[in-house]
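In what comes next, chain A is part of two complexes: it sits with chain B in the first one and with chain C in the second one.
Let's look at the complex of A and B:
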């Protein structure tokens, strides 16, 4: 008996010693744990992005630390690939960074019941919320009505075109759906089978389909109450519209894109050399396309396409990304101070520039406008979205079960539609079922 | 001797294995038991309380749900293509390398190298580059004016290409076969030769029966590896096109770390485990019909 007892004590001691090292150093704290925590704090800040964003953000963090020598900031940044899963697990295990860059849909995905992020209304004495329209802040609420994140920018999708390829085909860049379909046939006849005026991934197809349906109904595909506003027959019509683009040589099939290496469009050799001459992208995304294009190619901002429907242009806009403070933060005030520096402070805003899009903060927008830091391309593209009277974009549209590139319904439906494994009726039915499953949760 | 010292002496062995035991309990037994528990729940990592919603649906779905059933079928296809091809190829090359030919050591090393690279990410990336639309294989066919199929975007080809990657890494099985071939007594070949047996007859009637224990060993280990394959389809095709390379392991990963359905992923992992266990048991049971153990004979 004694033997067993001693063995058990030793095992327990060892387990505790081992596991102590695995524990979080920043768990179970609250904003009220220290009255002067921001006076001397150490915080962690994470974000994803490309090299230019990393450089600008690191410089902003360094400047912030010079201005606030009592706050030490540790940074964690990387590319998008695998980023979401890693952060989600951190939020769930209460080991996330103090300040974290999040996507719009993460509020509904990972902050259920306000479990992951603090209510930033509690820090409004540090973060200048008056710089944001209330309607924008309302989009960033968690299910408890708390402000889960501060929107960095507002974005919407529009078209960008490789003007050089269109010139080669002898046609103007498309302004309407009819122009686009005509361009498909012209590209095929004049340039060859492997030239297309547009290239769309499965998610791009879902978004363009939603624009088409919205243009025909005048309502967001999923409204603010979380209701699907289209019928199964309308969804069948929507997928037929997408398939029609492929059938008319407007865009390559999904199999063709897979043959190209299944890479992001800006890394696709056929985009780089001008074979794929059009992009349907977020209005802030042009730099990554422009920088990859082969020399001598001119990349221009288009207009929202007319002729998709008779009710409106069908365009939606949304919060592109946000900064949030995790519930596990030991120093939320220090994190709030850094957050405010990045989104409102003239110095921080100037350093970051438009690396995260055109700022949603009025103060930041003014600072960058006066400094002439907003490029014409980005400004024009953003104006296209804003001027199109955009509709509400539900984060449910981006639910993982729909959007996920491996298991999501968009991938399943548009890949099999493209290959002919699904008829338009089957594809419409699948999408209808998938939306209803998500919205029933 | 003090009490403490005598206790230490009596439990010395136990104390030595204690670190391993703790690791085993914490990192093996606990996840094993908890995954069994979660497999009977609707546990979603981001749905608080879902770990206590009990259900059998996860297990039913493996056989009813279209995607899950497809993954199961694809896994069987993958295993039943890869394992025999790899074993036959490994045995064939080992047989050739068992002859006294010039530079045999170089060839043995060269054939073993792909296995050292193992299931690495770099090799999977290389495979993708070789077989994609403008890759080396396409260019090679192009030289002869042959319009090769789109290996990675054609659902009829993609799985075979993933299989080839593992078949190409036959080195470890080959080395084991080579050792077994060296153990076959030469006098048996001499006797067979005197009886007029051809080389082919000698191979099938002398060599193969004597190395059946090694064939059996390779069969079981390769079967287990094949059912656990992940890197190839994850990196080369991400399970596509149209789910044609979505093996169970990839589906488990997707459910666990894309949609966070831990209950579903746990059930799929247990089904995979049960299938593997059953196949291994069948293999062991079948031994008495085809595996020859010389020591049992005596």
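Let's look at the complex of A and C:
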């Protein structure tokens, strides 16, 4: 016993001394490496995603290193859960990867005054900015006007329908708001109480409400200058519109969705077997729904709903994710080179395909559509969004205090509205206050 | 006479029948409760052979169209960087040092607080107990900044995870060990002192063997917590090749594009097997530890 313990303690002491030695020596060597960069650079690149994205991106990085043997790229990747917290800490403590995949809202959250990410306009001789519409790049500005990130893809929401269920009810898939409301009643009469033509989570409801309001005002709900363009009364009207959908049996109540297990819609058993026949989703989302559906169901891309308002369709689109270079990067040029390879270079673009959505870069879009690499579902849905003359989408709309699935205002308002604990007036007032709090910051 | 023996036989038969009934009832109750308790685990094993659509729509643990795809996918590596076996190896390469160091440092600290009076003893003890109520979340940011200054973030040796355990950071274990130490009679140590032990040899030769049951449970708890730790590795490990199982399990879980649950569950199942083995092995240790703690004569 004694010998063992002493041995363990000695081993521990030895381990500690040698660990400490290794730690200091390795950190020393890495800093000297980066100082001598100009031709030879070593950069880190991180992203979040799923299996196929990890695979494709790693392949692209390997190819890039083959083409640029003087640049060494280390990668770091993971799932979305917890990813933001870990990266946020890195950005704040200046230890982030050189090239990093960021969410649209991170520009406002972590890059206040351009503190976390470099202004990519400084690297425009490496990154081909001419592949992007100026209006798209304008969305990616930090508060100092610098270009915080390069948009990888543009996305927007549209409708997807389970055609099999609509066939069963004997009606066409809805194209206008009136169709949708009529479908709610038809579903109830012909198929039964637990069939609904649409199913919306609280965030889906907030987005659809914004479409409705935008269709009526013709303006983005939060404009480029960060101003709320709707009045309290208009918000009450928007909330009433959502409640009206529930009242007309268009979609199940939040309580019903929670009884289904409170899971993502593509994992909801009633969606899988066709009881919930419609979703309101990002244009690239259809594969995850199609792959989960029970056999014998046909899932089709719909159109944006007409008749929400008289000014326009009300659709907005947004930058879904970006690549940014951190301020702490010691080899920003090498990182910029990799960035350009991933978003504009035909080889890199072909490897990545639509793993990050439909590319915002024109060169990349042309390469992929010529190669037929964009699936029919995706290109149809994307065309729906792009052709609908989309309005500006403010990252403030996705502020954590609004969007958070546990404590956000959307969750609070639409859950309580659905259960009846808020009247439409109260709900409208709450939303109005929540928006004003966010926009006053 | 015959009458009498008959009644004995009858009585024996009656007792036997009663025993059978009582045993049957007991077993039925145990089996039913056991199934209820084990059901989630059984379901999980079954679900590794199902497709997504079946996982979400049925509670039946037996798959209708069993598929081995989940296990096949689980064996896949991510660009040669990391696979399930490497992830498990990574996990235990920091969990084992963490457990060893935690036990050593906690026993020393507990011994110090329980057996010695020194200046500031009460104040320090109060401080330590107060730490018991400090949630880990509060420490994340300052710790990260500190380890970052040391240059330990992304350390290939998991320094930010292992080194703190050298400093008895698990207050709960210290508290538990002190409570155990209180029940160990001081006379034993006095006897050891008479036999020529100094305070350190007393600890090793007398206290530690008697503390064994408590030490084993500390080690077990630490083992479980460390191998389940997600936030620590997420913050301090930034090369996929060094990812432990907790992060590896989640690598494919992307809500944006959807993923196959059978793979995730298969990986989870494989990664909890070593833990289950450790628990079975430790069960014997538990019992031995308890008998070793007895005061003889």
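Operating definition for what follows: the second predicted complex is superposed on the first by the 404 of 441 C-alpha atoms of A that agree within 3 Å, B and C clash if a C-alpha of one lies under 4 Å from a C-alpha of the other, contacts with A are read in each partner's own complex, and residues count from 1 in each chain.
Note that in this section a residue touches a chain if its C-beta (ideal position, glycine included) is under 8 Å from a C-beta of that chain, and two chains touch if they have at least 3 such contacts.
Remember, predicted model here, so these are calculated numbers, not experimental data.
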Which superposed partner A:67 touches (first chain B, second chain C, both, neither): neither
Partner chain in contact with A:112 - chain B first, chain C second, else both or neither: first
Partner chain(s) touched by A:267 [first = chain B, second = chain C, both, neither]: second
Touching partner for A:59 - first (chain B), second (chain C), both, neither: second
Comparison of chain B and chain C by chain A residues contacted: C
Contacts of A:371 with chain B and chain C, given as first, second, both or neither: neither
First (chain B), second (chain C), both or neither touched by A:400: first
Overlapping contact positions on chain A, where the chain C interface meets the chain B interface: 2, 15, 19, 85, 89, 261, 269
Partner chain B, residues of chain A touching it in the complex: 2-3, 6-7, 10-11, 14-15, 18-19, 85, 88-89, 92, 109-110, 112-113, 115, 254-256, 258-262, 269, 400-401, 404-407, 412, 415-416, 419, 421
Of chain A, residues touching chain C in the complex: 1-2, 5, 8-9, 12, 15-16, 19, 22-24, 26-27, 44, 46, 48-55, 58-59, 62, 74-83, 85-86, 89, 93, 95, 97, 261, 263-264, 266-269, 272-273, 282, 285, 287-289, 291-295
Residue ranges of chain C in contact with chain A within the complex: 52-53, 56-57, 78-79, 81, 97, 100-101, 104, 140-141, 144-145, 148, 150-153, 155-157, 159, 162-163, 166, 201, 204-205, 208-209, 230-231, 234-235, 238-240, 243, 247, 250-259
Interface residues, chain B side, partner chain A - complex: 7, 10-11, 14-15, 18-19, 21-22, 26, 45-48, 67, 128, 132-134, 150, 152-155, 237-243, 250, 254-255, 257-260
